[in-house]
Each structure stands twice: as structure tokens, then as C-alpha cells.
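Okay, so chain A shows up in both of these, paired with chain B first and chain C after.
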Partner chain A sequence: MPSKVERWKDETYGMEIRDHLERFAEEGFDAIPEDEHDAWFERFKWWGLYHQRKGQESYFMMRIGTPMGRMTPAQLRTVGEVAREYATGPVDNPEFGHAYADFTTRQSIQLHWIKIEDIPDIFDELESAGLSTIQACGDSWRNIVGSPVAGRDADELVDVWPIVEELHDRFKGNDLYTNLPRKWKVAVTGDRRGAGQGDINDLAFEPAVKEIDGDDVAGFNVNVGGGLARKEPRLARSIDVFCRPENAAEVAAGLSGLFRDHGDREDRFNARMKFLVDEWGTEKIRSVLQEEYVDYELPTAGQGLREEYDYNAGRSDAPGDYVGVHDQADGQHFVGLSVLVGRMAAEDVIELADLAEEYDSEMIGLTQRQNVIVGDIADDDLDDFLAESVLEDYSPDPHPFMRGSIACTGTEYCSLSIVETKNRMVRYARWLKENVPVPEGVSDFHIHLSGCTASCAQPQIADISLRGMKTRKDGEAVEAFDVGLGGGLGENPQFADWVEMRVPADEIPGYIANLLEVYEANREGQESFREFVADRDEDELTGLAEPEETSYEDPYLGNTKMTWYPYAEDEEMSASPAPTNASGEPIPTDD
Partner chain B sequence: MPTDVHQLDDGAWVSVNDTREVNVSDLWRLAGGGFCSCQLTDFLAEGFVEVGVDGGNVEARIAGQCIQCGASGVTGWLTLGRVDPETGDFRPVVPESVHRPSRRRRGTPTA
Partner chain C sequence: MADRVLKVNAFTTFDLLEGRVEGHGFAEEAFATLNVRTARENPESVSLELELDNVELDSVPAHADRVTLSAAEARELAAELEGAAKRIEATEEDDP
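For the complex of A and B:
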């Protein structure tokens, strides 16, 4: 029997939701019939709106999908202006203030505290700048990820930007692919860095070369069924298909059509492509694709470039991100700036956009490591650009612990999360910077902190993986983490080994300090941390270091999920002003 | 009026009559020894897998783990609370009280 969500989708889904959204915006939040809340909130996701967690009713997270994280400076300014005007809640965040934008691990932008009454104005502002929230959440083609510097990067095989634009235009707002069994995540990689992180996507185009009719053709190998969620991580698997750039849209249409027609619509927990690949096997996926969904003979896979991949690969001979100054193919430079946990104050977003324009940049990029890139900086301007004051907070040369830290949304807003995340990761990074010596030669050290098993911070592919958990400390329930080590992508992608379970959150910094001391003392030569972990078996990794209380103080150790907002002066659920009206005033209830 | 229940947002919470009532991340005390070998399972709710209504009782099977021994899995059916037949209000149980999961829904026929 189809799931309840499927029944709601059958009634209303896709583009038509927009009319209802605008009607509710006109009439106010309390015009949404109470007995239809769940159905509408599920549908609103398709237009990038996610109802915030318990205690924050009537407020939405809004996700703006930017293909490959790529924008113009003018678009970035629009994001900052929208955040400044509309993404403001009843209480400030103690680390980030009043209004901010989050850059996500899938190169999108998330704004919080959005009221439904403001949505038409926000859509107008975004769309007039060429931005959209369409299909940013929900069961359809999500934001396509890849290297934002495609076409500029001097280190690439294929410029994938025209392909991504084609896919974006074809599969956003397309009735044939509006309603899939679950989300559909696509990565297109044309660079030699592996910056698309295709291994963790439902569909991955990986750069490859194939000899066809005597010619070496640059294109892609096609992998399917990757994903990290629910303690069921899978790497995307090869279906032995090489795809020319001009065939990418047809192959993508075929595979997403196959998923639409054969994915599980009865059990949402079994609905992702990774489970269909588990069930069918890659040979059957390939044969059904060939026989029923494409009109040309699919070539077998070509020669990939995996051995060159260094993005989030844990290599000792190359940084694993885009932070710093890099050469463009045209002789200019792109500059990657570190944005700690991906959150940037709205005023800073605007300032950076203005700065980029001042330097004649035509490209801003958001990376899967939650950082931001400013492209097209002329050689003669580079020193001046690097001396700009905004780069003091968003550095192209950050401390390794600040540079490598990623965190998901967490209990601040998210229903699924078990622990507080972003503010805690900020505090972890600061403490590590002040108290822990950086092992020699380490420029970026990747710590991914995810609030739950949904894995939005991609915890399985980090040097140190932190996944939200609970434990008891002196009999009291406290927020905690399972700790994994040694994950990463690159030539030999591997998920972390989970070695320490249920470590109280206030003992994590001490654990990391002890672990790095062991690493520094026992590594061989310039062995990277990931290589050091790979050289040890599970028994040795467990107990390699001890969790420990230190001078680090954790203000979020109690159950932040029980609060209406973890940083409110009166955090009790009963103190929540939500739901509120267009002016932010509480809507009277019958109680 | 029939009670409408479902789990949403990847099992993050249980809705009763279109109101979010029960969240993941609570700790539940489970007796009966069916989940792990601990005398009393100290169970962290990580996701609601199935939900149902039996009479006025809202029930669910929950994915999660015992934070004492680390055993993970899905519980039997647990009563999350009761819907008042007159007012329709949901009255949740106290998760940290002791609960005994059932292998089948209480109202489910055995054959």
C-alpha cells in the first residue's frame, strides 16, 4: 500500500503547490487547515520550505538551490539582503547574531525563521535575481552538486558547467520527474580533484576517458546508489557505462525515470536509489536502463581519473579542499575562503558580494565543505584582495582546525537532530586552535559533526567523524557523540570506522587532543591522519586515545531538543512564542 | 472522530491529528529484556519506524539504541500516549517511566 506521503503527493505536488503557498501567505499561517498541516508541510518541501522543529511552529527553513554552488556576486548580495530582512527570529544566536545564511554540504543556502506571509516577497526577490527554491527539498531532483569553479579550474578534464545548466533546466519543474519515490541527488564532476563527491550521490557522473572509434573521448563513467543516511552508507556503484557529455541528459533522464518507476513507494525508509541498487544489482540497473530508458547503445565504462582525486581524500601531498589561492585556466585566480560551519552573517554576505563585484569577479562558489570561493581575481589585484578586512573573519589561510570543521543544522532548528551542532562545533574548533598543537605538515584536518544518522554533515567521510548520541554522565542524560576515524573519498573512498561510542560532548575536545598526540608520536614520516588510521585495525583504533574532560566548557550538554530554542533566556517549551503571525506575534490558540 | 497518526520527516516525530506530539531524541526505559541484555534498557529514540492506533492508544515501533550496552535495533510496539475520546487531546506517556514493548499491536488479531 502506498505510504501516506505518497497519497498526499498524488493529490497535490510539484509546481501547483506554489499557488497554494501564495494563498496561505496571503491569508496567514492560521489559514492552513489544522487537519491538513502535515500534508501541506510535506508538500511545501518541494518549494524548498521545511517546517522548523517543535516549539518553532509557523517558522520555516528556506533552502535556495544553487547548481554546483555557483552564483554571481549580485545573486550573493540578494541572498544576504533576503537573509537580513526576513531570516530573523525571536531570539538571536549567541555566536552568529540576528540574521545569517547557512552554506550547506550540498552547495545550497539555508535561511531560518522564514514566515509564510513573507514568502511571495522573498520569491520575487530571489527570482528577479535568477535564484530559486524549486525542488530544493522534497521527492525530486535536488540541487546538482559539482565543482563551482568548473570552466575556470586549471585542473579539469571536462568543463561541466554547461552540462549542469542543461540538467538543471531540464529537470527542475519538469512534470515527468516532479514526483519521485524519494530525493534524487546528482553529482557531476569534470575536474581531476573529485570535487563533486559523486560517491555519496544517487547518480554520479565521474570524469573518464574512453577510446571510441580510435579517438580518446573525454566524458564520464556513471555510478549510482550512493548515500550516507540511516547507518546504511553506500558508495555509488559503477554500472559500467561511459557517457559522452552530450548524452548526460539522456542518461540522467533514464536513470531518474527508472528510479521513478521502480523505487519503493510503500516504505519510505527503503525508497532511496541505494536500496534499489542493492536489490537489483548493477547489471540489472544497466540492462533495464539500456532496454527501457535510452535510445542508443551505452558504451562500457572508460578510464577514470580516481587516482588523481584529492578533494576530501585525506592525502598528505595535497590539500583536500578549495581554501586558499588557486590558479584559473585564464591566468586569474580563485580564492577559497573558510566559513566556519558554513554560517555567515547576513551583513558579511552582503559585504563579500560587494567586494567580489569591486574586484570584477563574475563568480561566487559554495563548496561541499561549507566554504565560499570568489573567482576571477586578477593577478595584479590579488594582494589587495587578500588584504581586505572581511578576509580576517573568512580566511583563505585559516587555522587547520577552523578550516576543516563542518556541522549540520542540529537541534537549533532540525526535528531529526539529537544534539546541538553548529555552535558546539564553533566552540570545539576554537578550543582546539588554542590548546592543541597541529601535527607537522597538516594544513587541513577534517572534523564533520552531524546531529543524527541522517548524516547531513557527511560524518562518515572525515578524519574525525562525530555523530549525535546521548549518554549518561553521573546518572544524568547528556548530549554525546559516537566517534569515527579515517573516512574520506579520493582514490579509495572509505567510510569511517566507529571506534568510540557515546562519548559525552564535553569530553570530545580532550579525546581529539589525546588522539592527535598519539598520531604525532607514532606516525611514520609524513603519513596523513587518514593513512595512519588505515594502517591500524579496529582493535588498535579502539582505545587509541581516551575521552577526557578539559578546560573546554559545553553550555549545551543538557537536552537541547527539549527547549523551544536552545539559546533563549527562557528556553522552556512553554515559553515559545510560536506559532506567530506575520508580525511575529503569538497566534492565540484554543488552549 | 478517528485518530490520525503518522511519522514524518524521516521518522523524526509522530503526528497525532496533525500536531507534532512525540519527538526522537527522548530516552525511554524499556523492561522485558526483549531489546538487549540490560535489566532495564536505556533506549535512545532515533527514528519512528511504524505508528498505529489501537483504540485510544497511539503506538509505535522505534529505531534506536540502548545507551548502556550499545545494542541497536527496532523496539516492539510501545504506547506513546492516549487520545482523550471526548476532547481529542493527546496525553503522552512519560518516556523515562518504565515501558514494556509488545511484540504485536495490542488490538491486532493473532491469526
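For the complex of A and C:
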């Protein structure tokens, strides 16, 4: 029998949800019948809206999908203006202030505290700038990821931007692919860095060269069925197909059509492409694709570039991100700026957009490491640009612990999380910077912090993986983390080994300090941290370092998920003003 | 060490319990998660899932245990738990 979500989707889904959104905006939040909340909130996801967690009823998170994280400075400015005007809640965040934008690990933008009454105006502003929230969530083609500097990067095989634009235009709002069994995540990589992180996507185009009729053709190898979710992370697997750039849309249509028709619609837990690949095997995926979904003979896979990949690869000979000054193919430069945990104040977003425009940049890029890139800085202007004051906070040359930190949304807004994440990661990074010597040769050290066993901060592919849990300390339940080590992508992608469970959150900085001391003392030569971990077996890794209390203080140790907002003066659930009307005033309830 | 088998998030019934595994010739204690789960759509039964933190256990491999209860069985269990809870509370009242 089809699932409940499938029934809701049958009734109303896709583009038409917009009409209902407009109606509710007109009539107000309390016009959404209470017994239909679950159904409507599920449908709203298709338009990029998530209802915030308990205690924050009537407020929404809005996700803006930017293909490959790419925007113009004018679009970035619009994001900043929308955030400044609409993404404001009843209480400020102590680290980030009143209004801010989050850059996500899938190169999208998330705004919080959005009122449904404001949505038509927000959509107007976004759409007039060529931005959209369409299919940013829900069971369909999600935001396509890849390197935002495609076409500019001096270090690439294929410029994938035209391909991604074609895929985005063809598959967003396309009735044939509107309603898939589950989300469909696509990465397109044309660079030699592996910056698309295709291994963790449902469909990955990886750069490759294939000799066809005596010519070396640059294109892609096709991998399917990667993903991090649940206890069964998978790396995307080769289906032995080489794809010319001009065939990418047909192959993508074929594979997402195959998933639409054969994915599991009975059980959402089993509905991802990775499980279909498990069930069928790659040969069957290939043969069904060939026989039923594409009209030309698929070539076998070509020669990939994987051994060159350095993005989030944990290598000692290359940084694993886009932070810093890089050469463009046209002689100009792109400059990657570190945005700690991906959150940027709305005013800073606007300032950066203005600055980019001032320097004649035509491209802003959001990366999967939650950072931002400004493209097209002329050689002559570079020193001036690097001296701009906004780069003091968003540095192209940050401290390694500030540079590598990623965090998901956490209990601040998310219904799933069981621990506070972003503010804590900021405090961890600052403490580490002040108190822990950086091991020699380490330029970026990747710590990914996720609030639960979902994988929004991609915890399995970091030097140090932190995943929210609880433990008991001095008789009290406190927020804690499971700890994993040694994950990363690159030539030999590897998921983290989980080595500690339930380390109290206030003992994590001490644990990391102790761990890095062990690494520094015992590594061989220039061995990277990831290589150091890979050289050790499970028994050795467990207990490699001790958790320890230090001078680090954690203000969020209690149970933040039980608060209505962790930073409110009165954080008790009963003190919540939500649900509120368009002006933010509490809506009277019957009880 | 293996990854957790059960997912743990804000909807997990208990993310921090004290558990014990016992067999012939071994007994170990560990923190545990316990979750009551029904299928999100058209549920026909209740799953009661238990996992002890495997990092603290040597005697058994990483695993979770699950029992399936009918609606009547779930209700019977709930009633027994309710009764047991009352007995604890009564003791506490007698002997504060």
C-alpha cells in the first residue's frame, strides 16, 4: 500500500502547492487547519519551506537552491536583503545577532524565522533576482552540487556550468520528475579536485577521458547510489558508463526516471537510490538504463581523474578546500573566504555582495564546506581586495581550526537534532585556536559536527566527526557526542571509524587537544591526520586520546532540545511566543 | 568500533538509559537507547528497539534488539509499566 506521504503527494504536490501557499499567506498561519498541518508542512517542502521545531510553530526555514552554489553578486545582495528584512525572530542569537543566512553543505542558503504571511513578497524578491526555492527540499531533484568555479578554475577538465544549467532548467518544475520516491541528489564534477563530492550523491558525474574512434573525449564516468544517511552510508558505485557532456541530460533523465519507476514507494526508509543499487547491483542498473531509458549505446567507463582529487581528501600535500587565492583560467583570481559554520550576518552578506560588485566580480560561489568564493578579482586589484575589512571576519587565510569547521542547524531550529551545534562549534573553534598548537604542516583540519544521526554536516567524511548524543555527568543528563576519526573523500574515499561514544560536550575540546598531541608525537614524517588514522586499527583508535575538561566552557550542556529557543532569556517551552501572527504577536489558542 | 545500529534523534524515545547485557559467563553494563517505533504510514505493529553502546561491550558484537508488539500487546505492556511506575511512586511517597 502506498505510504501516507505518497497519498498526500497524490492529492496535491509540485507547482500547485504554490497557490495554496499564497492563500495561507493571505489568510494567515492559523488558516492552515490544525489536523492538516503534517500534510501541508510535508508539501511545503517542495517549495523549500520547513516548519521549524516544537516551540517555534508558525515559523519556517526557507531554503534557496543555488545550483553549484553559484550566484551573481546582485543575487547575493538579494539574499542578504531578504535575510535582513524577513529572517528575524523573537530572540537574537548570541553569536550571530539578529538576521543571518546559512550556507549549507549542499551549496544552498537557509533562512530562519520566516513567516508564511511574508512568503509571497519573499518569492517576488527572490524571483525578480532569478533565485528560487523550488524543489529545495522534498522528493525530487535537489540542488545540483559541484564546483562553483567551473569554467573559471584553471584546474579543470570540463566546464560543467552549462551542463548544470541545462539539468537545473530541465528537471526543476518538470512534471515527469516532480514526484520521486525520495530525494534525488546529483553532483556534477568537471575539475581535477573532486570538488563535487560525487561519492555521497545519488547520481555523480565524475570527470573522465575516454578514447572514442581514436579521439580522447573529455566527459564523465557515471556513478550511482551514494549517500550518508542512516547507519548504512554508501559511496556511489560505478555503473561502467562513460557519458559525453552532450549526453549528460539524457543519462540523468534516464537514471532519475529509473529511480522514479523502480524506487521503493512503500517504505521511505528504503526509498533511496543506494538501496536500489544494493538490491539490483550495478550491472542491472546499467542494463535497465540502456534498454529502457536511453536511446543510444552507452560507452563503457573511461579513465577517471580520481588520483588527483584533493577536495576534502585529507592530503598532506594539498589543502582540501577552496579557501585562499586561486588562479582562474583567464588570469584573474577567485578568492575563497572562510565562513565559520557557514553562517553569515545579513549585513555582512550585503557588504560582501557590494564589494564583489565594486571589484567587477560576476560570480559568487558557495562551497560544500560552507564557505564562500568571490570570483573574477583582477590581478591588479588583488591586494586591495584582500585588505578589505569584511575579509577580517571571513578570512582567505584563516586559522586551520576556524577553516575546517562545519556544523548543521542543530537544536536551534531543527526538529531532529538532540544537541546545540553551530554556536558550540564556533566556541570549539575559538578555544582550539587559542589553546591548541597546530601540528606542523596542517593548513586545514576538518571537524564536522552533526546534531543527530542524520548526516546534514556530513560527519562521516571529516578528520574528526562529532555526532550528537546524550550522556550522564555528575548525575545530570548532558549533551554529548559520538566521535569518529579519519573520514574523507579523494582518491580513496573512506567513512570515519567511530571510536568514542557519548563524550560530554564540554570534554570534546580537551579530547581533540589530546588527540592532536598524540598525532604530533607519533606520526611518521609528513603523514596527514587522515593517513595517521588509516594506519591504525580499531582497537588502537579507541582510547587513542582521553576526553578531558579544560578551560573551555559550554553554555549549552543542558538539554537544549527541551527549550523553545536555546538562547532565550526564559528558555522554557512554556515561555514561547509561538505560534505568532504576521506581526510576531502570539496567536490566541483555545486552551 | 562499529557505528550505531539505531538512529538517534529528537524523536527517539530514550537516548540515555542504563542497560545491562547478561549471558552465561558474562555480564556488562552500558548506556543504551530505547525506542518505540511504528511505521509512519499504515502501522500494523509496534517495534520496541534496544541498543546498548557497543564501545562498552566486549561480550557481544554491535547490534540492536527488536521485538514486535501488536496493538493489544503494546497496551498490555503500557499497563504493566504504568502499574510498576505507580508502585515506585508509592514507595517514594512512603519513604521520601
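The criterion applied here is as follows: the second predicted complex is superposed on the first by the 591 of 591 C-alpha atoms of A that agree within 3 Å, B and C clash if a C-alpha of one lies under 4 Å from a C-alpha of the other, contacts with A are read in each partner's own complex, and residues count from 1 in each chain.
By our rule, a contact is a pair of C-beta atoms (placed from the backbone, for glycine too) under 8 Å apart; a residue touches a chain by one contact, two chains touch by 3 or more.
Bear in mind that the values here come from a model prediction, so they are computed numbers and not experimental data.
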| item | value |
| --- | --- |
| Fit or clash between chain C and chain B when superposed on chain A | clash |
| Partner chain in contact with A:N514 - chain B first, chain C second, else both or neither | neither |
| Touching partner for A:T542 - first (chain B), second (chain C), both, neither | second |
| Contacts of A:N270 with chain B and chain C, given as first, second, both or neither | neither |
| Partner chain in contact with A:W498 - chain B first, chain C second, else both or neither | second |
| Which of chain B and chain C A:C452 touches, first, second, both or neither | both |
| Contacts of A:S238 with chain B and chain C, given as first, second, both or neither | neither |
| Contacts of A:H37 with chain B and chain C, given as first, second, both or neither | first |
| Residues of chain A that lie at the interface with chain B and also at the interface with chain C | 4-5, 53, 230-231, 268, 411, 414-418, 452-454, 469-472, 477, 501-502, 561 |
| Chain A residues within the chain B interface of the complex | 4-5, 34-38, 41-42, 53-54, 57, 229-231, 268-269, 411, 414-418, 452-454, 469-472, 477, 480, 501-502, 559, 561 |
| Residues of chain C that touch chain A when the two form their complex | 1-12, 15-16, 31, 39-42, 53-56 |
| Chain C-touching residues of chain A, taken from the complex the two chains share | 1, 3-7, 53, 230-231, 267-268, 411, 414-418, 452-454, 468-472, 477, 482, 497-502, 538, 541-542, 561 |
| Parts of chain B lying in touch with chain A, wherever the complex brings them together | 4, 6, 8-13, 15, 17-20, 23-27, 42, 44, 46-47, 49, 67-68, 70, 72 |
